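Listed after this line are the structures, all set down as structure tokens.
Next come two complexes built around chain A: one with chain B, the other with chain C.
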Partner chain A sequence: MQLPSWAALGPALVLALTALVLLGLDSIDPDSTHSSALAGISALGALSALGLAGWYLLAGTGQASTGGPILLYGDALVVDGMSLFFSVIFASVAAMVIVASYDYLKGRTYQAEFYSLVMLAATGMTLMASSNSLASVFVSLELASLPSYALVAFLKRNEGSVEAGLKYFLIGAVSSAVFAFGISLVYAVTGSLLLSDVASGLVDAGDFVGVAGVGVLLIAGGFAFKTASVPFHFWAPEAYEGAPAPISAFLSSASKAAGFAVAFRVFVEAFPIASVVPMGIDWPLLFAVLAVVTMTLGNFAAATQENVKRMLAYSSIGHAGYALIGLAALSQGGPNGQVMGASMAHLLVYGFMNTGAFLFIALVEHWEVGRTFEDYNGLATKAPVACTAMTVFMFSLAGLPPFGGFLSKYALFYSAVQGGFWWLAAVGAINSALSLFYYSRVVKAMWIEEPSTPFELESKPVGLYVAVMFAAVGTLLLLPGFGPVVETAQTAATALFA
Partner chain B sequence: MNQWIAIGMLGVVGVALPIGMMVASALIRPRVPEQGKTATYESGEVPTGTARIQFNIQYYMVALLFLVFDIETVLIFPWTVIYRSALAEGVSLSKALVPMLVFIGVLVVGLVWAWRNGAVSWVTSPRALRRKTERQQ
Partner chain C sequence: MVPPQWYLLLSAAVFCIGLFGILTRRNALLFLMSVELMLNAANINLVAFSVFWGNVTGQAFSLFTMALAAAEVAVGIGIILVLYRNFKDVDVTKATTMRW
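So, the complex of A and B:
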């Protein structure tokens, strides 16, 4: 049986439908909160989207084996291996975040709105990965951003949360304007918004190469905001620290991956290296500089933090720098598909380990132990299982051998070296070594230090534990399972370059 | 002849005509100064207070809801213009009508939610009421 072609957008449709169902349920009975039903429906929606995306990916939908990318709605959207790969990341992160939120939101109002905003943001991210025209890129980016602003400010009686929401919104508004201006300049030069037409239009840009170059620069700025890279990274520490911890997890993993998904597609499809770089628009060089600055700044800033959540926020900026290698270590005739595929695989592994780390912070916030490294002292004596999971996340984020993060970083740096960018890989390796310092501080506090004041943990919230354990198992399983993952990613990325 | 000369002429006439009329009327009209002419509203309404007052925050909700449906009409207008000719040319109903119904349906879900959650019902602010009674005492 052949499914209709619109069914290729199944993951996005399921997520959007779940959001509408949640709003509908809340309209029927706005005054009471049915936490279990709401969390159950959202988790079901996220898991069905995950199942659909995984099934399509395995069945080869939109890939070379079944007739190439599926173009929909006047070529505005495309479903191929890359969009499905990223849909898997978004749906699995959304599922973990929702299960964890069940405990985090206990006793709070506006739960239906929370879940439906998460679902709408996930819809936007899935569409970002499928966007094939600059117009749909912009609209889907806004669809992912606007719910995120509201979610960051969700704890509306908490000053930190509201301040974070406002800062995130203001920087987001500025970078959206920058991004839209970049799109308008590229449109002025090429006369089209479709990525493939932009590429062919750029060839005869003639005297307007300068305008096109500025447009490309501004579009890169828009993506830098979404991926929390320099120079639009200022919002990240504030937003991640002030937001509810499950939302920090969602933003720093899924939202960042969405930014990379759309950046990969736009730059590869619309500004092909072979024709654009000889014209003087050397965007791989731009991203190489951004990658080095972003990973160095993120890691050095993370090393000086006292607050664990803020440290994770800066480490997330550092990881954006590693993932940027996927856009930087590209050259004409180089192993571009390998590099970008490795970066995609790193984003998948990162989706599990980073979400897990932030959900552990949510668990600690639930216990109300405190936020600094000292407050974590002796936590392992009270909650050994959760602390073991956190240890896995920390060592995996640092890139130590027996965990998923090691292989993904290794593949990324190895492919960069193969592409001739050994210095990028070297900077990345040095930064990884530095990152071990601050990640191990958390582990040391939890396992070795004695608590300064004795404390008791009241409860073991089931939802949070399930989500943290799911992330930990995912991080561990991605070690033996990394081979197929990176192969899928590299096939999808190579298809993009073809 | 350069076609821009006509455009330039239009500009010159467009500026000269109103200015000329105003100058002419200022020269020939009688002057009768009168107190009523200096009032803010010639209908006789006496202005109170300043224009810089704080509006109730609930106007903001109404404005937000209005904005959504305002943008919706921008999409519906071109759709209505081509709808009949599209059907005449044999486009199926599922392609011409259903997408718009889905679009409006999504907005209706949002509107129903906002309605049920009290975005359009005018609630009284306890704080404003308290202030009012404090003033009266």
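So, the complex of A and C:
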């Protein structure tokens, strides 16, 4: 049986439909107390999107084996291996965040809005990964951003949450204006917004190369905001610290991956290295500089933190630096598909381990244990299972050998060395070694230190536990399963360069 | 016909005025207005070069930009309202419970 071509957008359609169903339910019964029904519907939607995306990915939809990318709606959207790979990341992070939110939202109002905003943001991210025109890139980026602003400021009586939402919104609004101006300059030079037509239009830019260069720079700025990279990173520590912890998990994993998804496609398709670098628009060099600065800044700032959530926020900036290697270590004729694929695989592993770490913070916030490293002292005596999971996340984030994070970082640095960018890999390796210092502080506090005041953990929130365990199992399973994952990612990325 | 370079100069000027406003204003509402200026600088380019290239892509996209700007302001005003309720001010530098 042949599915119609629009069915290739299935994951995005399911997520959007779930969001609308939740909004509909909310307008019928605004004071609904059926929080398990709402969480169940959202989790079902996210898991069906995950199933669809995984099925398409395995069946080879939009890949070379079944006739190449599927173009939809006047080529504005495209479904290929890369968009499906990223859809899997977004849907699995959304599912974990929703299951964890069930306990986090207990006793709060506006639950239906919360879930539907999460689903809308996930729809926007999935569409970002499928965008094939600068117009759909901008619209889907805003669809992912606007619900995120509201979600960060969701605890409207909490000063920290409101402050975080304000800073996220202000910097987001500026960066989207910068991004739109960049798009308008590129349109001015090329006369088109479709990525492939932009690439062919740039070839005869003539006297307007300077304008095109400024446009590319501004577009890169817009992506730097979405991925929390230097120079638009300074919203991230505030937003992640102040936001409800499940939302911090969602933003730092899925939203970051969405920024990379769209940056990968736009820069490879619209600004091909072979034609723009000789014109003087050397964007791989720009990203190489940003990658080095981002990982160094993120890791050094993380090492000086006292608050665990803020430490994770800076570590998430550091990881954006590692993933930027996927855009930096590219060269004409180099193993570009390998480099970018390794970066995609790292983002998948990161999606599990980082979401898990933030959800553990949500669990600790639920118990009302404090936020600093000292407050975590001796936590393992009371909650050994959750602390074991957190230990897995920390060591995996640091890149220690028996965990998923080791293989993904290894593949990333190895491919960078193969591409001739050994210095990028060296900076990355030094930063990873430094990161072990602050990640192990958490582990030391939980397992070795004695608690200063004995604490009582009165409840065992099932949803949070399930989500944290799911993330931990995912992180561990990605160790034996990393081979197929990186192979899929590298095939998808290579198809992009073809 | 006005040469296209003039439109680029005009839009760059509007963009820079908006950027200047963002860097100097502390009132959240004026900050939003400055962002609108920057977005409209993009619209000037889109509409002008839509005529220059003879296709309507740019004009259609400028409508999208306006709609998104409106949506962004709707969310932004909501956040500024809760900012006012919590901090009794719309000064963006007043909200500092977390250190930078």
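As a convention for this text, the second predicted complex is superposed on the first by the 498 of 498 C-alpha atoms of A that agree within 3 Å, B and C clash if a C-alpha of one lies under 4 Å from a C-alpha of the other, contacts with A are read in each partner's own complex, and residues count from 1 in each chain.
Throughout what follows, contacts are C-beta pairs under 8 Å (C-beta built on N, C-alpha and C of every residue); 3 or more make two chains touch, one makes a residue touch a chain.
Computed from a predicted model, the values in this text were never measured in an experiment.
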Fit or clash between chain C and chain B when superposed on chain A: fit
First (chain B), second (chain C), both or neither touched by A:Phe373: neither
Partner chain(s) touched by A:Tyr350 [first = chain B, second = chain C, both, neither]: neither
Touching partner for A:Phe181 - first (chain B), second (chain C), both, neither: second
Chain B versus chain C as contact partner of A:Tyr322, first or second or both or neither: neither
Chain B versus chain C, judged by how many residues of chain A each one touches: C
Contacts of A:Leu23 with chain B and chain C, given as first, second, both or neither: first
Touched partner set for A:Phe90, first chain B, second chain C, both or neither: neither
Three-chain overlay, closest Cα atoms of chain B and chain C, distance in Å: 6
Complex contact set, residues of chain B against chain A: 106, 109-110, 112-113, 115-118
Touching residues (chain side chain C, partner chain A) in the complex: 4, 7-8, 11, 15, 18, 22, 28, 31-32, 35, 38-39, 41-46, 48-49, 52-53, 55, 57-58, 60-61, 64-65, 68, 71-72, 75-76, 78-80, 82-83, 85-87, 92, 95-98, 100
Residues of chain A that touch chain B when the two form their complex: 20, 23-24, 26-28, 30
Residues of chain A defined as touching chain C within the complex: 135, 138-139, 142, 146, 149-150, 153, 156-157, 159-160, 162-167, 169-170, 173-174, 176-178, 180-181, 183-185, 187-188, 191-193, 211, 234, 237-238, 241-242, 310
